[in-house]
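The structures considered in this document are given below.
Paired with chain B in one complex and with chain C in the other, chain A is shared by the two complexes that follow.
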Partner chain A sequence: MSNLLTKVARQLGAGGAALVLVACFLPWATYSGFPGKMRAVTPGGARLYVMILALFGVLFLLSAPGRARALRGTSACTLTIAVLTAVFISYAGGGAGGLGIGAILAVVGGLAYLAAAWSLPADDRPAPIRVLPDRSWRTTVETLLVVAAAAAALIAFVIGLGIPTATIASGEDHLLLGAISFNDLTNESQFLSFLIFLGGASLALSRLGLVASLGALTKKHAKVMVAASLMAAVVFPFTQGGDGYSLRIAASIGVFAAAAIGLNIVVGLAGLLDLGYIAFFGVGAYFAALVSGSINSVVPVHLPFALTIVLAALVSGLFGVLLGAPTLRLRGDYLAIVTLGFGEIFRITVNNLDGSAGPSLTNGPNGISNIPDLTLPGGFSFGDNHVLFGINLPFQANYYWLEVVLVAVVMTAFLRLAESRIGRAWVAIREDEVAAAATGINTTRLKLLAFGLGAVLAGAAGSVNAHVVKIAAPDSFTFLESALLLAAVILGGMGTVHGALLGATVLYLLPEKLRFMQDLRLLVFGLVLVLIMRLRPEGLLPSKRRAREFHEPGGGGDALSAPPGRASA
Partner chain B sequence: MTLLVARAVTKRFGGLVAVKDVDLTVGEGEVVGLIGPNGAGKTTFFNCLTGLEAPTSGAVSYRGNPLPTRTDLVTRAGVARTFQNIRLFPNMTALENVLVGRHCRTKAGVLAAVGRGPRYHREERESEQRARELLAFVGLRGAGDELAKSLPYGDQRRLEIARALATDPGLLLLDEPTAGMNPNETAATADLVRRVKDLGVSVLLIEHDMRFVFSLCERIAVLVQGEKLVEGTPEQVQGDERVIAAYLGQPAEGESA
Partner chain C sequence: MDLFFQQLVNGLVLGATYGLIALGYTMVYGIVQLINFAHGEIFMLGGFGALTTYLTLPAGTPAAVALPMMLMGAMVVSVTMAVLLERFAYRPLRGAPRLAPLITALGMSIALQELVRNFYPEAKSARNFPQLIDPDKRFSLGGSVTISAPSLVTIVIAVVGMVTLTLFVRRSRTGRAMQATAQDPDTARLMGIDTDRIIVTAFVLGAALAAVAGVMHGLRFGQVDFRMGFLIGIKAFTAAVLGGIGNISGAVLGGFTLGLVEVMATQYAPEPFAGGAWKDAWAFVVLIIVLVFRPSGILGERVAARA
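Showing the complex of A and B:
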């Protein structure tokens, strides 16, 4: 394309983006009975997201050349949010007549923005940007940036989870995030547009090289990053205004993430495809339920929880070794089939151990319910609400914090293992088992170790989960759960903890938040997964190795295994 | 002193006898060559020595002890090898590839790796230092952060040797170390093998490049159709009519020069 045409396209696109900007300050809805604030002039919620994405377009289309790849992402997301919101408004307002001038202008401007971005020639993958000069204040600024990133993640998480319904009903703006997240429509459209905004923004940041820069920063200031993230995680319950709904979801995400990180050892590091992983989680859950002192448990003991979690992990690890010892001679597909079978055997067995078809142990399909709340030796009960620093903390916060501890422990174990001689040996086995053996690695033992450790972590996560959900029942341990855990690992990026954490969050939150779509829910869920894997086959937050696998010459990667990359002997 | 003793090693695949009653010894500090036409059973013999395949009959001992039949134990015992088709860990960096070689000489277990005490840190530091020395030794200084798969071909062969050396072997088995190399790279490899020998590591190598073999090896064994035809100094082997016949075929009647 000639220079002149490119210039025209840039001007046109900038005009379109500017139009969107203006539209954000106009009312989007005329419908008077509309629940949200779409009739107001001040932008918020979806309009704020659109505004930020459009602002990005105006700035970059008018300033330096290039950046087409980033602009494509932002423009597509701008238009999608605008159209989606317009559809929601007209749906709620009884037709297109409910649309205000702002919505129409936003769609028109968004189209121009999109057309311009896509007609620009694609630019190269950028190198990480190094913005900061080498000065005395550099470390301070870098530290602050890392802390800000953790805070941004917390804010994104709070908005993503949604504002407590109680707050919405009372008509108050949210105490922390009023401007950004006040509810302009229903919870659903709010969540969807936020999700699209998040996707567009991170795509743009990554294509500008800023994600890589941030990655380098967090690596350089790893301790600050860990402290800031932990702080953000600990602070989260205080943002909820006494409401337990989001805390409950966050605790479940924590369980899911801990299990996903454990699976990441097996799949991501050692390259063993385990399709029955949820069974180990189930072993831990059932063990914890049996010794919890529940009235539905046939075991008349009540162990302290600290002991329970250790024993549950060990019992689960024992199952892992028992299953692994004979099956780890199998490779690839065969191992997948055997583990798939084990998962089903576990579910069917606990479904039947109700005293009629076998010994009475698991209470059959009803499961072991009424698991009592955890108590600490000092008399502290996890079932009580608390007030701390004048802020109401629902009892769910206690379980949430327990999850934070669990995830932190699992993450530490994973990270340290991955960076040790054992982690290197696992990756070597994944890459080329024969060469690994010829280099002096006892492959059988190390594979068994990966399998067993994965089971140990799953068992620990399962025992905590039994107390969070207060029941252990067979239908929580279906193949679908194993598949979702695996999807979390692959989607997030194999071989990293933050990847598994993000993958678990997305995979847990998405179906939860898409409930309003009813029958369409799983369709949209699947579509989103396909889109993510198409746009980022290495996962959302891949390890450095995995990213290079996909983007360096010498053999492409596939979702699960290392590329062969060698001639076989 | 003899390091490796192979006695009457035989390997059958069904009806096919790939290796038949082969005796071979490698002495301390020796460089021994194993040559022969394609399909003579050289690689199979190597596999029998290194535990990748169990010999049908015969015995292999190293420093007086029978060699185990599991390849990781063979490596641990002190016999390391490279492969005819390079088998690196393609998506690990060069440094990581060599570090994997240190695996069998280090001890840190799961608890040490998670706990990270001073002993763990010392061991890791020593491993990394050794790995960097070996990279420099084979001529890959500065390539440590490259992915193995993105190294040039000759460097990949060198990296494989560095990885094998990282296991502190007493005997290094090289399967066609110069395959696919140009004359310059071949000369560099010959130099590398000499320096490996100077480290006190014995070398047994399979090779088709005769100039390379004859200039490097003190003793050469010729394998033809699974059997050892000749063994001797380069001069003896070079002059042996049976060897020439095995490579070039029997001259037809009346055509002999």
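Showing the complex of A and C:
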């Protein structure tokens, strides 16, 4: 009986998914004024995404009987994109009459697909890690696969960033949703569709074990992976056709990511909850601004940038050690509130050192602006536009590449540390401080080292950022910024570099791209944070150890994941 | 000397507000070890709940009737929101890494602020709050030291609230169940205590006190703002830590200490670091100093290292 049901459900689901596939080749809009390709027969944009997700359905419902559960999330994403696009079309095209036959069929087929995926029996076996057969061509193919993965990541990033949203299209915020033209609206729907598509596709791939297999491959060919990712990051400006705005966003993501990785040393490795990390970033930024030769700076010196970045990192590290030395013996949340307090003291101090409420140093709430463009000894100015290989490179590309170098340095520092004796000692402290001390680890000194190193990296990132945004002002160093950095670390998955990178990208890009929601975007942002934590409390890309701990029946046992009531009893 | 006593009174009034909110932090933390960052927003919602109640009352309702009604309204809004928060943002994450609920708390804090800003009528900037108690009416406390009527009411209500809560936790059956759950949730469960219900109770009590603080804040300053919960929330949490988090008397003591430090620093700190611009910085400096010398707060017990 249940066998029959399963069979029916599978047929129904495959049929539904196939219907969606067919629908993708039919026009989705009849409204004649509707811009974009929704009236055409060939799929593009959102229809392409729906098509790919539906293809997963047809293939796996028919060929891999036990794996239907892998499609639960994917089918939900398929239906969501179809419905979302239909809503946008009817909104722009004056009611449901604007919908074409394709859109209606896609929604109907999507419903069947979803119903089937959810009614099929669950299969909780972990997907196997796939390995290529041991042939002479294996290494070549594996290398190619790794390079392809880096390229795919770059392409996904370029597409996501490249879909013009209201802000990019017009260069300014709209006052009301109604002020956005139909054209913008299709862009917004396309960006949302793309996001949902990425989510659906990665769900399917990870449930099928392909993500884990790829992870194993990149680990095996780590050098190729590093080279390929670096290459992808370096060529990114060439894909932008001279668009400075997107490069600026990418550079800002870089700064944010560098700071998040630094924080990851403190929180993810050593397990010290720091709620005022942005203050160390701010120390670096203010130091760099003061010695940058800006006309708003009260310090009449202009140090070369290489010296600035080193000094900024050292000064910031000094603050870290000064704050850490007396306070690191505090436990968990007490340390958190002390760092929060330090962050607030920093913000208030730089806000007040304007000559009237305190000594004149930081130009108060206005901050130190007019930071001049960086120049290299050879006379190269970061403020110049360039043309390379016939492609326009606006000046933002120079700063972008500077960010790539910064992120690369911070990532290297993190990875080398994590694998070292020191890094293992940090993890031991995080897991159980008493046991770590008992094995002969000098916990106080190592905790101080983590805190100080985190501050050094933040200081370096801050000094670079001051030159990228050309201003250091107190508004950029609020508690909310610290909280967002921490959110990036936790969202991505604590204790990993790629997790922090992904978390930083998502947290920076999402509010930036949700601008069309105007006033509602922060509301949506807050709710999305809650939603992601509910769906994946261990983060989007957790370290293997954490993921395993988290799925053990007994739960994890480290200081940051103790079940309620256990932590300090 | 009068100036000193005047500042003492001002500090106690400010501290009473911090203490009321800090109680909510400390109860929740004591039981589930969660920093409920959205608690400041519960305080803010209390202010708006009272305002809504006032606006629905017929014009000309005497203050003696309106004020209790507003307090009730504020509590209903705050408590409802706190229960929803616990149910949908915290409870599902109870077995998760401890930082996960911190992020949902943060997300809810942002979301609640934005909810009020976008959907409460005309709340994009501060909204006027009815001045039911004349702020210009001042009582003399000897010499030139005075206290305004709303401040006096704040202190009285705060003290009543704190005493009631202490009695409740010490004497009542539910209160003792809360203590047991805070000490050891597993054993408490074995003793037949419905720990889920106890956790909700902690949220409800905290929210009710925060709602009272929200109304008092509105009465004293004549306005409520969607942003008002954020900084006060952080400082109230600071007060809870200062007093020793998890300790109810500690939260009250921490609140008064923080209030006094802020007010006194504004007056007596060495130039140029005196004045309102530096008061928050002083509050945190004192926090750091206290924690360096008493790592578990003023009244906190020295927590034994985890075995």
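We adopt the following convention: the second predicted complex is superposed on the first by the 525 of 569 C-alpha atoms of A that agree within 3 Å, B and C clash if a C-alpha of one lies under 4 Å from a C-alpha of the other, contacts with A are read in each partner's own complex, and residues count from 1 in each chain.
In this text, a contact is a pair of C-beta atoms (placed from the backbone, for glycine too) under 8 Å apart; a residue touches a chain by one contact, two chains touch by 3 or more.
Every value quoted in this text rests on a predicted model; they were computed, and no experiment measured them.
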Name the contact category of A:Leu527: first (chain B only), second (chain C only), both, or neither. second
Most chain A residues touched (candidates chain B, chain C): C
Is A:Val427 touching the first partner chain B, the second partner chain C, both, or neither of them? first
Counting only touches as set out at the top, which of chain B and chain C does A:Leu453 meet: first, second, both, neither? first
If we overlay the two complexes on their shared chain A, which of chain B and chain C does A:Thr439 touch? Say first, second, both or neither. first
Applying the document's definition of touch, where does A:Asn370 land relative to chain B and chain C: first, second, both, or neither? neither
After lining up the shared chain so the two structures overlap, which partner does A:Arg329 touch, if you call chain B first and chain C second: first, second, both or neither? second
Let me test your reading of the model: by the given contact rule, A:Thr139 touches which partner, first (chain B), second (chain C), both or neither? neither
Contacts for A:Leu417 in the overlay, against chain B (first) and chain C (second): which applies, first, second, both or neither? first
Return the residues of chain A at which the contacts from chain B and from chain C coincide. 432, 434, 546, 555, 562-563, 565-569
Flag every residue of chain A that touches chain C in the complex, lowest number first. 267, 273, 326-327, 329-331, 333-334, 336-338, 340-342, 344-345, 348-349, 351-352, 357-359, 432-434, 479, 483, 486-487, 490-491, 494, 519-520, 522-523, 525-530, 533-534, 537-538, 546, 550, 555-556, 559-569
Applying the document's contact rule, which stretches of chain A touch chain B when the two form their complex? 412-413, 416-417, 420-425, 427-428, 431-432, 434-443, 449, 453, 545-546, 548-549, 552-555, 557, 562-563, 565-569
Using the touch definition up top, name the residues of chain B that touch chain A in the complex. 50, 52, 70-72, 75-76, 80-81, 83-92, 96, 99-106, 108-110, 112-114, 116, 120, 123-124, 127, 147, 149-150, 163-164, 167
Chain A contact footprint on chain C (complex, rising order): 29, 31-35, 88-89, 92-104, 106-115, 117-118, 181-186, 234, 237-238, 241, 245, 272-273, 275, 277-278, 280-281, 284-285, 287-288, 291-292, 295-297, 303, 305-307
